[in-house]
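So, here come the structures, one by one.
Two complexes come next, and they have one chain in common, subunit A, joined by subunit B in the first and subunit C in the second.
Let's turn to the complex of A and B:
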């Protein structure tokens, strides 16, 4: 009896699951490894170690301008997105019952529609109103993609805040707006942070919308990398990719601190397309 | 005491407040989703192929279903979506069942599973291609193969990429259902002499079905709608509808053709998903 418990204990580790999880991470490891190889060619495993390719990647004008453009658009999309989604989440959790299903349905629609259709429709509209190559279209398109998850995070947080506390503040003489800003808002600050991060990364990583709405010569980083990879693959693009992988790690740490990581896993997101 | 409040309407916000806060989102979605969707539908039935051509004709749909180039793309899209969904579902079920039975390292595993979801899709495909090239070199060096597999530009490569991308969603959706499984129940059934297969079908599967359906819908939609995966992994040889939509617009300015493709894509998705949802719900009802 005593000896039988030891091998049993050992088999409690899910061997297949561990192997498969690691297999999913292999591509990222390969990218990082090829970015530090000293030679001007892709080699895995690497022959040595250098950080020179990171300097080259950052100094490549195409990558540099795309990176800055992507960052700028992602920041604007986060701000615009928050301005849109915070009131929406309040309306869904505290608004009138008859309005709630309309608003929450509206926020889900872009999520269940293929990106290609959203992108094509936006492009036709922007061409018609003569704004095809403006950044405004790109920003609004990115907000459309990131908005569903942001709303979901905010609604979950707002549902957790006891409305009685807000009402107590009002009873004590605070106006409804003051009560919201000073009582409810601080309570959902982590969720607002998560929502902002989601809006940022969904914009920063987006391919489909950017592919249609980027003006030629003014493409976001994923599109520039996609176009670059059509004709070359070298340690420079591996280094740029590694920078994006590190950024994702930072985002993951921030999200897990804010408690938003579980939303990413449990919800239908559109990472790949 | 300005107005009586019905018990169903326990809103903190008044009517004006509700509209003021919820209204902008409704306007946003109508302007950036509703109207553009209408434009795609309208353009797809225009008589000419350019923008603003007006008129009404179904030429673009007729062309779609009569031209072998387009039908091939349709077939490819469908096969890619079905195969990658099936593979992801089987792997996701195995994975979720194993971490339910053997909880060691579960938290770490789930964290590592979610991590790649935050990495840019282009970067992930690039990494996968580099990995496939390395795999070929290892196989050649070891003398296990005489010719390279060439997975990095192939139909199989597209399936592998989609399975890897969608796997976390499938595994987590199935796990959400299976985590309600009482492991001692499975062990009791086995102790009492129930065959392993019987236990899986009668006890485990019913709990997994809702997650499998949800995960499959997601995977199918992502696989049928993706542009970047076949564009990078297919090496220009595997044509799919999303790629045709993009090339019709960017290279030949065939707006109506592209719009018709988009409408067909959405129709395929809607029909497949509604069908599988009905089948899935029926099978859950049957096993209970």
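Let's turn to the complex of A and C:
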């Protein structure tokens, strides 16, 4: 006779997890639903179905330029961010043990400080060195916001890499730099991918820093959408948001494929030497 | 145990002979937190395997890493084949190392792992493929060439590490406890393969271990280390059968170490037994003697032996090991043939054959 325990256990659904996921999804569902409302106002549930607002959203020049600007800044912030966070993570994992917790804490500070304070501080600083209202300032601010998570992801990945592999490469004839590039970097490539994605996302949907540091005529997409909503209430913004939601979903899938989120959960056990 | 293959070792080069291939002079590397090595002098003849044997923290790995160039010595000279190594960076030394963790490159296949050193040396594609194939064949991993390290068992990974180290034809091969994380059975198997490979290829090597059976099996010479110094150096058979230092005898744990002191006309144990003069042979620095357990006789009839009580009995491949408590609380180990063992708490008479004792200095 077969035991009934196995099939019974398979039918147990994680009720809590499902409820929680639904709760998280509700705002998104509302946004998507309002985007297809035929009338020129935000309404949930929608009265009908139309995709016209998507065309409008894409064709609105303000949205177009803001989207391009946001994408550009996010890409630059990712690249600059990686250039800063990879060496930082290496320093944290391979550097002096006594300094590690301090450096580590310092890199997390931007995460726990209110964004407004960061933005204000940056603004004052940039004004004094004459770089306010420049794209550089905005990029720096965005990098700062994304850095804590990116560093944590990279640190977790690096501590999972056997330090000996770099030394093994050296004994086999690779210089220190070559050893790092040929052996260590490939080993943390998935984490570099997720760090880049985090940097991108944190830049792309940032409001507070952009609010302070955007130059006139250089508004990023979230700010443009916010400003649009102040004077209009048609579903164009919802349509734009829906596009962003779809894009984010794609990114989320990529991220989970890279194992990026699991990097945050803790480092894999390392063999002691 | 037999040591027949070491018989030729008697005419082996003395410590400072010109035939030394690797020569260390007063190598010192200290850490601010303590540990490291101090004033190590060593020579290794070409084609020999030197085993650095000692407990963890004795500096043997530090010494090995200094040879590899992964650590810079504070002072001292390292010469390989007449060339001073200290100023040469690791990647130009042509010294391979097999790590305790094997340190295989996780993103590369077995083939690429083994090919890495050849790529770094800009060996042509065809020759590279040939040499990799030959190395993998040597370690018996030809059919695993396309796998990633994590798809292999521990023993297989270890063999990849060895293949990767030997494929570049290094001037010296360093091994840092490469077998310590394997199961006993595989360890013994790979140990034999390693020895065969090293001899077959004529490799000169330095092997670090804390396991004395490994040292016996692999070493042409053994250096016993304690707190950053080499306390004893010699052929395995000498170091094991006739250690000269108390530390060595205690670390190897193969024999009873009994403290002795000078009394009237010779050395005596604390129990009053006299050590025959021919054992100490006129030496004045003897602080203890080593006596193998099979040189201690046990009996149940009073034949002039010391009375004692069996406290622990342990079955071993060579017989039964008894831990006997003597009056005053000292313990002595005695090995008897399997049929002639005693059970725990049996009163026995102990007769050590002091004439077979080995004198030990401090």
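The rule is short, and it goes like this: the second predicted complex is superposed on the first by the 235 of 273 C-alpha atoms of A that agree within 3 Å, B and C clash if a C-alpha of one lies under 4 Å from a C-alpha of the other, contacts with A are read in each partner's own complex, and residues count from 1 in each chain.
The rule is short, and it goes like this: contacts are C-beta pairs under 8 Å (C-beta built on N, C-alpha and C of every residue); 3 or more make two chains touch, one makes a residue touch a chain.
Keep in mind it's a predicted model, so treat the numbers as computed, not measured.
Tell me the contact category for A:94 with respect to subunit B and subunit C: first, second, both or neither.
first
Using the superposition on chain A described above, determine whether A:168 touches subunit B (first), subunit C (second), both, or neither.
Second partner only, subunit C.
Taking the superposition on A as described, I'd like to know which of subunit B and subunit C A:225 touches: first, second, both or neither.
The answer is first: A:225 touches subunit B but not subunit C.
Per the contact definition in the header, classify A:40: touching subunit B only (first), subunit C only (second), both, or neither.
Neither partner.
Between subunit B (first) and subunit C (second), which, if any, makes contact with A:178: first, second, both or neither?
second
On the A-aligned overlay, A:189 touches which partner chain: subunit B = first, subunit C = second, or both, or neither?
Touch partner of A:189: subunit C, not subunit B.
Counting touched residues of subunit A, say whether subunit B or subunit C comes out ahead.
B
Need the overlap of the two footprints on subunit A, from subunit B and from subunit C, as residue ranges.
Common interface on subunit A, subunit B vs subunit C: 167, 176, 271, 273.
Taking the complex as given, what residues does subunit A use to touch subunit C?
Touching subunit C from subunit A are residues 161-162, 164-165, 167-176, 178-179, 182-183, 186-187, 189, 271, 273.
Hey, which residues of subunit B end up touching subunit A in the complex?
Residues 8-15, 17-22, 24-26, 28-30, 32-33, 35-37, 39-40, 43, 51-52, 91, 94-95, 98-99, 101-106, 109-124, 126-131, 133-134, 161-162, 164-169, 172, 176, 218, 221-222, 224-229, 231-232, 242, 245-246, 249, 255, 258-259, 262, 265-266, 269.
For a test of understanding, state which residues of subunit A touch subunit B in their complex under the given definition.
Per the touch definition, subunit A meets subunit B at residues 11-18, 20-22, 24-31, 34, 42, 44, 84-85, 87-88, 90-92, 94-100, 102-103, 106-107, 109-110, 112-118, 120-125, 127-128, 140-141, 143-144, 147, 151, 163, 166-167, 176, 201, 204-205, 207-208, 211-212, 222, 225-226, 229, 233, 237-238, 241, 244-245, 248-249, 251-252, 255-256, 261, 264-266, 268-273.
Of all residues in subunit C, which touch subunit A in the complex?
Of all residues in subunit C, those touching subunit A are 68-70, 89-97, 99-101, 103-108, 116-117, 120-121, 164-165, 168, 174, 181.
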